[in-house]
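In what follows, a single structure is set out as structure tokens and then discussed.
Lettered A, B, C and D in written order, each chain numbered from 1.
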């Protein structure tokens, strides 16, 4: 019994065929490597090479080592501070561009706000180290103005500043996108019904723009907690972050299994953050 | 150039919903067939099945005797004029019209010459270099028509082709469509929800409701002698007078009305009368009626009246403008018995 | 449409380019520290043999082993590795024997022959090419050399100035061990707690732990006055612009590092690889290597002196080498267990 | 008035913050001295010229362009095909497929790079620019998919239907109808992908061997010592990226 020929069936098969290359690519070069990492995290690095030990020893080592836990904590703290700070800085800017500015200037203002986005990521972090150095540009200005000098270089503060710089730009974009989507008549209607500026923001703008803000904040969290370059260049070795720990494993002792275990822990943190966000927003899975 | 269509007991089910509940329809070669009905009646679904955009759940579709189920749109002897025209915005009009010929492997000069002819046919000679965005709605409609006809389909399917046009333009295009159909001779199947358009243009009108055909036939027959209460009401205003069969006639509050019937004694029936068939003068008298609503409509005055004999049965009539009939007036009305249709209640 | 066509052309073009690059014939693959990447060193060899030298930089023997592990047999031809790690690498079967008769042993600084490291079971597997010191660099405009004579002051409550620590565990642990009066080749697990204690105090006094550029930026901008673990390799290249930058070896001594070069046992072109080793050991090669843009240090071959300017030799303290060699010990070469323990100490040091 | 002042003040402050590092970077790339640190000793093009004459940096630049263009071309192709599949409305499990295709967006590049590194090791696949490109395709395909999916709307679907009705094969529908109709989106996706790949460090670092991309070369430049060349190459990278972004901006504007 062959099924009768069907146009819809043909359409379905065709759609699957079109999606197949991308799906296959994602499967082979994204999902599979992820699986490899999960498996590898259960192995052990020994003098003879990698051993399929099937043990949770790497995870145990993470939990039993204050230094490793400290690194995870550092990462978490930095990421949370950066996320909050970036949203706090970007929101007003996005608001000004989306609402206060005359429309013809909006595009330009937005483009300007993200121009430095396109410098090399590595070089941008390095540029901050020049700015923040003890006798760097910033302290040069402060000295000229007779103000007390800041000791920011090679510290957690430097890492946070470097990150905040990058993510403020990113979040200005995403928050602007969600603010500009709100019909201006909503605000007029609220004002018409007697709401003051703060009430309009509190009851109309904030809840409606929240999903966009949350998505941006989650993206910030995910990118920030997984970044190696910024803490490595700006942290001055004073505040080991989780990605640095991962790179130490592979760079200095070829301990791929431990690096894999730490990566899995990193992804667990990101997933947890996502679930928190999804639950808070009651959003469906992506 | 043209082909007959046979639709046999076609059903279409979307999950639990029946979009088509057994449709059987034969359309002759060269006929202009209009499917009409309210939205959701299944007419567009039927057109999709004819065009090769979706499969029937059951039943058979034959064009020129060839089984069509499972044959994709590209390989059917049909083309479609889409509701939103679906012109290719990145191509000139000429390239749009020549597209189907290009797909059939026709050389560039030949297909462009043919496209130019087609544009001429629809009254857009010389506009071939323009882009669709430079056109008005009516012009786009013509281009869509030219594009669909350029490949000389046996069957042309039109999905609400005039729906986006304003009323005057729509009426003008109706006539033009009909003229073009006569010239090219293909079978046209046209979907609309506008009953006036349907009647003006169709050789065969098919009234659909809830996935079924309520009535089909020449427009005049369907209008004057509708086969169902739905068809009767859909094609224009209609007065319904309930009755019971007694002695081979329908007995109503106005007495025995309508044609003789074979229905058994005591069967419940409805008599249908168009408003234009109620008038002051000769016919079966409805007695004195009170005008409760009167609207001046230019060519006539539309009134709603309550007969003294049946104060629960408001009737609508179209009266000559000269006749004074204001709200509250009492007038006498009669019914042109010849135009009454008797339907059995279901 | 034209854009799409162009896009495809670009795609096709890049594919061709990639293939063309892959098709290039004779290549020598070398795993090296960053001081081997200058054209001044590589180009003459490439020109002479009409081939390409592929260089992969790494930092730290662990990284090198990691890279070798991730490769296929036969991928590599030449390895530059810390002299102290040669036995470990030979034991792992990575290096093959060298033809000693073709190498300039006569002109090598005697301390750099290091047979105990390079000769195993009568076969020579590597030869020293460059050496230097992990000691203390400082800004002489701010710090008096007397304050640095006693290394332990750096982890006392009275640190003489702000400190940066070079981010590489072996030399720094070695230096601390020297400061505590230990010999670098006698460090055991039992010594680690004391070393860690000193390290942690050092960390409290330090304002950063960084790699080369961070350390250089810090000392050049005056953020720190002292670089622990630094030496001529950090400062020699900078002294032309920053004459105040200096380095010394404390009373307790310091750590000496040396790099050795050898040929992979599974090299597919051992003869060419040996030629490369000879090139690096030649006076011209040695001079280029000693003054490489990544870091300066003493060449192992004393004949290189003839090819270098006096200013260059001064920056490297060419004439004081005998004294320095006496005051320093090679940095530790721990076994796997001790190495892992040291790395854990270092991780705690970083995370503090 | 008060409101205006507050807004203007805040904007000035944030734009200052945003431009500070780039400005400093650019300024000290013209430093006439050995160190990119204050004081500014005078204007010199020396470091820019040195960058342009540095064969390693120039080779890395060529590699970066190669990887960026090749990986973006593949990513756009994959993303476009998948977006078309999802847009058709007849893809079984479209929701799940959409989620699967966009999943890499929320995974850190470090983890993606490590996973690929481990997998390539197990497969015995040597590292090269091709493996870097593979990694970049993984991170850029979701992006291209999302941009293309947003661009394919009812108008495109209707035009495709019409083309099919007129006898076009699927390949020709895509080539003659869909692709030209969403060309601005395709170009935007391509250019965005190019800039992402162009600037990506950690995957390129983990998955390359001898031939490295520009960010990796800059990284090793950074580790070999303080050097205004780093500033100069940073400014040059900025210019290249800015041109690409301008390209995106202009194509998007043209669509409006």
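Worth pointing out:
One rule holds in what follows: contacts are C-beta pairs under 8 Å (C-beta built on N, C-alpha and C of every residue); 3 or more make two chains touch, one makes a residue touch a chain.
Composition by chain, UniProt nomenclature: A = ABC transmembrane type-1 domain-containing protein; B = ABC transporter domain-containing protein; C = ABC transporter substrate-binding protein.
From a predicted model like this one, the values you see are computed outputs, not experimental measurements.
Taking the definition of touch as given, a chain qualifies here only if it contacts subunit A and subunit C alike; those chains are D. Relative to subunit D, the chain whose mean Cα position lies farthest away is B.
Legend note: the chain whose CA centroid lies nearest the centroid of all displayed protein CA atoms is D.
Sorting all chain pairs by how many C-beta pairs they have in contact places A-D at the top. Per-chain CA centroids place subunit A at a distance of 59 Å from subunit B.
Here the CA centre of subunit C is 35 Å from the CA centre of subunit D.
Averaged C-alpha coordinates give centres for subunit B and subunit D that are 55 Å from one another. Here the CA centre of subunit A is 16 Å from the CA centre of subunit D. Among the residues of subunit C, those touching two or more other chains are numbered 59, 69-70, 213, 217, 221. For subunit B, the set of residues touching two or more other chains reads 52-53, 72-73. Listed for subunit A are residues 8, 126, 130, 133, 135-136, 233, 250, each touching two or more other chains. Here, these are the chain pairs in contact: A-B, A-C, A-D, B-D, C-D. Chain contact summary for the complex, subunit A toward subunit B: residues 4-10. Here subunit A touches subunit D in the complex through residues 8, 11-12, 14-19, 21-23, 25-26, 29-34, 36-37, 40, 89, 92-93, 96, 100, 109, 111-113, 115-116, 118-124, 126-128, 130-131, 133, 135-138, 140, 165, 168-169, 218-219, 222-223, 225-229, 233, 243, 246-247, 250, 256, 259-260, 263, 266-267, 270, 274, 285-286, going by the rule given at the top. The residues of subunit D lying in touch with subunit C in their complex are 33-35, 37, 55-56, 66, 69-70, 73, 117, 121, 124, 126-130, 179-180, 183, 187, 190, 209-211, 220, 222-227. Taken together, the subunit D residues at the contact with subunit A in this complex read 3, 7, 10-11, 14-15, 17-22, 24-25, 28, 36-39, 77-79, 81-82, 84-86, 88, 90-92, 97, 99-104, 106-112, 114-119, 121-122, 134-135, 137-138, 141, 145, 170, 195, 199-202, 214-215, 218-219, 222, 230-231, 233-234, 237-238, 241-242, 244-245, 249. If you check the complex, the residues on subunit A that touch subunit C are 47, 49, 65-68, 70-71, 74, 126, 129-130, 133-136, 151, 153-155, 233, 236-238, 240, 244-245, 248, 250-254.
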